[in-house]
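Two complexes are shown next, each including subunit A; its partner changes from subunit B in the first to subunit C in the second.
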Partner chain A sequence: MRRRLAWIVIGSAILILCGCWDQQLLKNERNVSIGGFDQGIDGLLRATVSIRDIQVSESGANDSSEVHSVLARSTQHARELLNQEVSGGYSPVKIRVLLLGEEFVRNHDFLPYFDVYYRDPKSPLNAKVAVTKGKAEDLIRIRKIGNKTIGLHIDDLLKGMEQTTAIPRINIQTLHPLDRGYDFALPYLVNKGGMPSLNGIALFSGTKMTEILNTDESRLYLLLSDSMGRDLRMTLKSKKINASNSYDYVTIDVKKIQRKLKVKVSNKQDISVKLHLKLRVTVVEDPSNHLYDITVMNNLERILSEQLTDDSKMIVHKMQKAEHDGFGIARRLMSYHPKLWKQLDWIKEYPQIPFDIRVSLQIVNTGITQ
Partner chain B sequence: MGFFSKVFSNNRHKSARAANVRRTPPTEEKVAATLQENISYVHQALFHTEDLVNRSIPCFEKQAYLLYLNSVCDSDKIHQLILKPLLQAQDANPDRDLTAASVEKHTDLEKAIDLMIRGYAVLFLEGSEDCYAVQVNQINNRAVNEPANEKAIQGAHDGFIESMQVNLQLVRKQINSRNLVVRKYSLGKMTKTDATIVYLNDLANPELVEEIDRKITAIDADNVMNGLLVLEYIENQSFSPFPQILQSERPDRVAANLLEGRVALLMEGTPAALIMPVSFFTFYQSPDDYNSRSLAGSFIRLLRLFSFFIAIALPSYYIAVVSFHYEVIPMELFYQIKGSVEKIPYPPILEALFMELTIELLREAGMRLPAPIGQSIGIVGGLVIGDAVVRVGLVSYPMITVVALTAIASFVVPSHEMSYSVRLLRFPVMIAASLLGFLGICIGFALILIHLCKLESFGSPYFAPASPMRLRDWKDSFVRLPFWKLNERPIDPNPQQLVQEKRSKGGTGDDRG
Partner chain C sequence: MIAAKEKITAGQFMIVVIQAQIGVGILFLPSSVESVARNDAWISILLAGMAALLLSVVMWGLNRRFPTMTLFEFLPKLLGKFAGKIVQIFYGLAFILECSMVLVLFTDVVRDWIFPITPRWVILGLMLATALYMARENIRLIARFFVLTFGLIFVLILIAAYAYKDANILYILPINESGISNVLKGMLRSMNSLYGFEMILLCYPYVKGGSKGILKATLFACVFSTLVYSFMVFMCLIVFSPEELKIIPQPVLYMVKALSFTVIERADLYFLTIWTVVVITTVMAYLYMGAKAVASIFGKKKHAGAVPYVALLILCISLYPHDQELINKMQIIVGIIAAIALVVLPFLLLCISYLFRIKGKEGAEG
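Presenting the complex of A and B:
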């Protein structure tokens, strides 16, 4: 009997006393939808967040955005400071976008500030990361665009851009420092009169931003690095001469890409890269409309191929100058030529590597007009 | 601790009153030669009960008396079966003229009295040491209607009624086999209720029949009026949340189970058969699965099994998500849920318990009330409470959705008993979820699974064919494959013949069966 009593006491104690120590009630939390890092004074971090609140009533939901900004020593410190300002529990687990101010990423190694995201199991690892021209804080302070809060707006904007292959698919997880051997590029946002807008991508060398590519260049860059999104559309010149009116442009949809990247190391330990790109495209807009003629089409293919090859060479040149290894050539060297890699001063070597770039294009479809 | 021991002990040996009661078993009493002696003995044995009628019959040279209890006898039958033939005969001879189907000749008065209670009329003759008991009991059977709680859309629409005789006939009608055996029992020392077990002699495992026989004969209670009482006496674990005996009011369901080598128990006054042994999946089989084609049947059955998980896990999953792991909700849904949860003044577990108990209350209220009022309760509950409770801010919209889905899922189970256990089980899982989140749900489900794997129904594994696993039996547990695929019976009742068909799909084109 006494033993049974003990069991009953233990059982009810487990039931009644243990509860709720790690509870995290949804209704008590305040959720950040977008966060931004800027350079603060004295080497401190200026962290800005927008908390999205929603009120559901019978007539529908109503969004509002509350912006807080603190000056902190580290990300975790920023969270503590923000928690002192925010009513309810501060919760970063639903961050959709992390913005990095341009000045901050050009001068600072930003990865130490990301460390906390890789340690907390509840981290929003799929949050997107973007660089903003000027300060991230200014963009977050826009608060709302139309009915959407700023976090949701930028998230949707980046999502759409990813699908049309204007920007690479990058989130906090893919930025993890363990993933070595290539350099990443982040979307580059500008504040266009109170409206965030995409303006190409920011190239990084290591963890510092070094160069910007505009949207046209970024599309080609993504083709060259073999990371096409759902679809990719480019408007190119259809004549060699300088285009003067809209008849001189053609728009193509890339259907299929075939990329060959070869890193060759000669006997003298000279590194060279062969990058061949084969595209199969659909013409979706061709105002001059002469494609029913096979010679015209072949001519157009040739012009476009040359044009893309030239553009690609320019992009690779830019990348080399910016010390941005977006194709992962370092990774190939690490895995296939480890001895060479150990002797190599990569930062010095990379801009010297000769690239053999060729883009060939084939039109497979010209739409339903014959 | 004295409190618990008093509540839970069986006080068989402690109660002083139980010890004092002496029950004297009725001894044999020969029919006396004199009529008067017999009549007064019967009167005394029945304590001069006032529904005892004795009618003298003038047709014999000797004096004759007919004794019966008019409350249980049909006067039309007495007239047709006893009086008419005796009075019309030239030289009345009870051995020849009593035309009833059941006439018993007894020399034991006690036996005759027992029969009188059951609706026999007893004829005593002056100078004779025999008495004739004629069955003239009144029969008030309701029609063999489709049972209200086990409706089938297609297939047979007959159901058991309160008469065991009729029920047995319904079963026999389904299985015209000489192997169908009926064993009779009389249960309850006072009530002496008739009960039978029915099984197929060439299928049912003899050890199983023996075990059931042992359990039934062991019942030593005064009152066993109801089949559901027997259920508690013979089931293995009364405190398990899962029913280990299937109740069915459908003869076709009983017949199908008999043909798998199971045993059915029928009782007088109970419009249901108890089928044993059963496995967990038996409760999720419905006659509709077999009456429709196999694809449709399989779909519905999978849906039902899925409903088991919804009914147990959905509220607890929601509670765990909202109070521990809200990061798993997709983004847009997250803000929708957050928006409606934000104004709720108490934790989700209380919200859920409040709503679940409200639904149980509504169901109970709707069930007890007569049909027209029951409907209005449903409307009041469903619309008024459901809507008002959100406007007042007591419960959030998502919780209403979750609870409603759960309630619907718990109604899907074809067996009422299993539906109760599912409804009961979700409360502990909900509490576990509110304490430990997903881990709590895992622990809850692990405990349930452990229990299911351990449980036995009359010696056969309860969770078969999932554990012990027999893939061949999955054909008729998770899904229902076409009948020509079901070449073997399920192994869990351990039938004497496993093979139930060989090649049944004839014809030239397709004879893969």
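Presenting the complex of A and C:
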């Protein structure tokens, strides 16, 4: 009797308690696939979202994208306002990409608007973040490209670009900019005639955007910061003179990188940085076909090395001017020279630091022709 | 005399101690220790592990003198009837409070991370009902269950280890920035999570084999738990910057949350699911010890009858604290009581035992 009673209690508890309190059904939720922040009027936030709906019919699934924009005081306020517009429950937990308008991040500290993403346990911490030229809203209003909704499209675009090392791997969690001792860079998207397209990376100083690097520069930047993706391809000039036709270019695949970054502090408390980069590359395109000769090859190696060194110096110069510490020099100072760090005015000091940059390159493979 | 079918092996005993030790603390430890010891928190944990080793040696030394008795059986012999009873009540209180503390912290995490609306009594009730079912049995069955679920600890370690891809080893440097005193403070804070070796006080007569085997098992268990804890703390230290750790109360979960495997998103939910089992073993261990204490206070030999009442008491205590402030206060009180029960008392008892030459009869298995 007692045993039977126990079973009845357990059985009814299982039946009744299921989904009593914290049930959230996917069918009742309207999931946002991409969101965007822009600067609104009067210091308000202009938030735009695209909600992805899937209608399954006999001819297969069909995606549709519904775009809403609101003017809100904060991110959570924006969510409330959006919920008033959207039918069904508004749910931001499946966001894939978060776009930030350039004007917004250049003039505003965007961190307060991100707080809710770090606080809510359901929030999508692995959503990607990107900066857009102009307004994020314009990009989201494209709605669909081919069969893909805009959120999916930009997510896939960024994923592909991460693999080819055009942009750093970054999501909401990894950019959390609290006293990390290095600054982050985000992908920079432009609207190219109704088509989102990657145009390099946006450099941040603290939480404000300060500079843009184009895609060629961003690849080298990522090499210098030792964060190569799956593969990396660069097309460089193969001659010292100004290139006039396509015979003067050579394309290389970077196979292996070896980076040495040393922050030196002299006795007089002067900081200097030594940054040496060794690359092992494969030549994948060389129209002039002259690599069978070892001297020519060595010559090419020398030219490319010089070119990359010069470009790197330019990039570092740009970074210093933009007060963007992408290599984590500050972190190294904090870790290895904590006493010096405490008395340092980093924002003033950083642009003055001399960098000793050298890139050397070695061709290890030339494909199936020489 | 203890029946042979209630005996456990030294290996099983080791796992019982590990399961009692590793519990709710694994989530809170990194940030609570980091808040005092900064980036040297991992040193604090290692030191705490050494302290735990020392304490378990003291307890072992005490039990070795009464090889056929549990703590509650030899207490009256050492202290006399009246004082023995008081100390028994104190131990019972300590175990019950520790168990409630574990449950309070557990429901807090579950509320914050998975079920924000579900009332606390449901979660507490479910946890205690499961623990009650197991804790009524003898130590052998409990040990078998603990061995069965032991592997899950390694799954937790594996999931956490995956976060290494976001790590930056530079956060550890400079070593010893916070100074010795802060490291020691951090050590005191982490002691709470290493409690669990007191199982030796109650299980000693049930373990097969000589006293050396038992000592070895306890020491291995302490070393294992310390290593698991320091690994977790180390991972959190290199994944998060110091400023971040300040505002994240459960860094291990946070670290796991951002991971995305090919098919699985929100790894923290999987982590929590497995972790629930690890916590429930801790609850079972304490419920068992609490019930043993209560049963012996009332002069009963079998503990099974006391388990439901102890569970009810624990439920009431863990429902009480509502806000963070109360929880913090409770943590401090429980910390003090546990420190007296596990650090001061065993040492005193050992001294008394040696000074007055009180010893248990050498049993057949002594």
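Here are a few things to note about the model shown:
The definition used in the following text is that the second predicted complex is superposed on the first by the 348 of 370 C-alpha atoms of A that agree within 3 Å, B and C clash if a C-alpha of one lies under 4 Å from a C-alpha of the other, contacts with A are read in each partner's own complex, and residues count from 1 in each chain.
Rule of thumb we're sticking to: contacts are C-beta pairs under 8 Å (C-beta built on N, C-alpha and C of every residue); 3 or more make two chains touch, one makes a residue touch a chain.
Given the structure is predicted, the values throughout are model-derived calculations rather than measurements.
Greater residue coverage of subunit A by touch, when subunit B is weighed against subunit C, goes to B. Looking at the shared chain after the overlay, A:31 reaches subunit B, while subunit C stays out of its contact range.
In the superposition on chain A, A:22 contacts both subunit B and subunit C. Contact with subunit B, but none with subunit C, is seen for A:55 once the two complexes are overlaid on the shared chain.
Within the superposed three-chain model, A:180 lies in touch with subunit C and out of touch with subunit B [touch as defined at top].
In the superposition on chain A, contact of A:338 is made with subunit C only, not with subunit B.
20, 22 are the residues of subunit A that lie in the contact sets of both subunit B and subunit C, per the superposition on chain A.
Interface residues of subunit C, counted against subunit A in their complex, comprise 112-119, 122, 166, 168, 170-174, 177, 241-244, 247, 257-260, 265, 268. Those residues of subunit B that touch subunit A in the complex are listed here as 1, 4-5, 321-324, 326-327, 331, 334-344, 347-348, 397, 431, 434-435, 437.
In the complex of the two chains, the subunit A residues touching subunit C come out as 17, 20-22, 121, 125-126, 171, 173-174, 176, 178-181, 328, 331-332, 334-336, 338. Put simply, subunit A touches subunit B in their complex at residues 1-2, 4-5, 15, 18-20, 22-27, 29, 31, 52, 54-56, 61, 63, 93-94, 96, 122, 124, 155.
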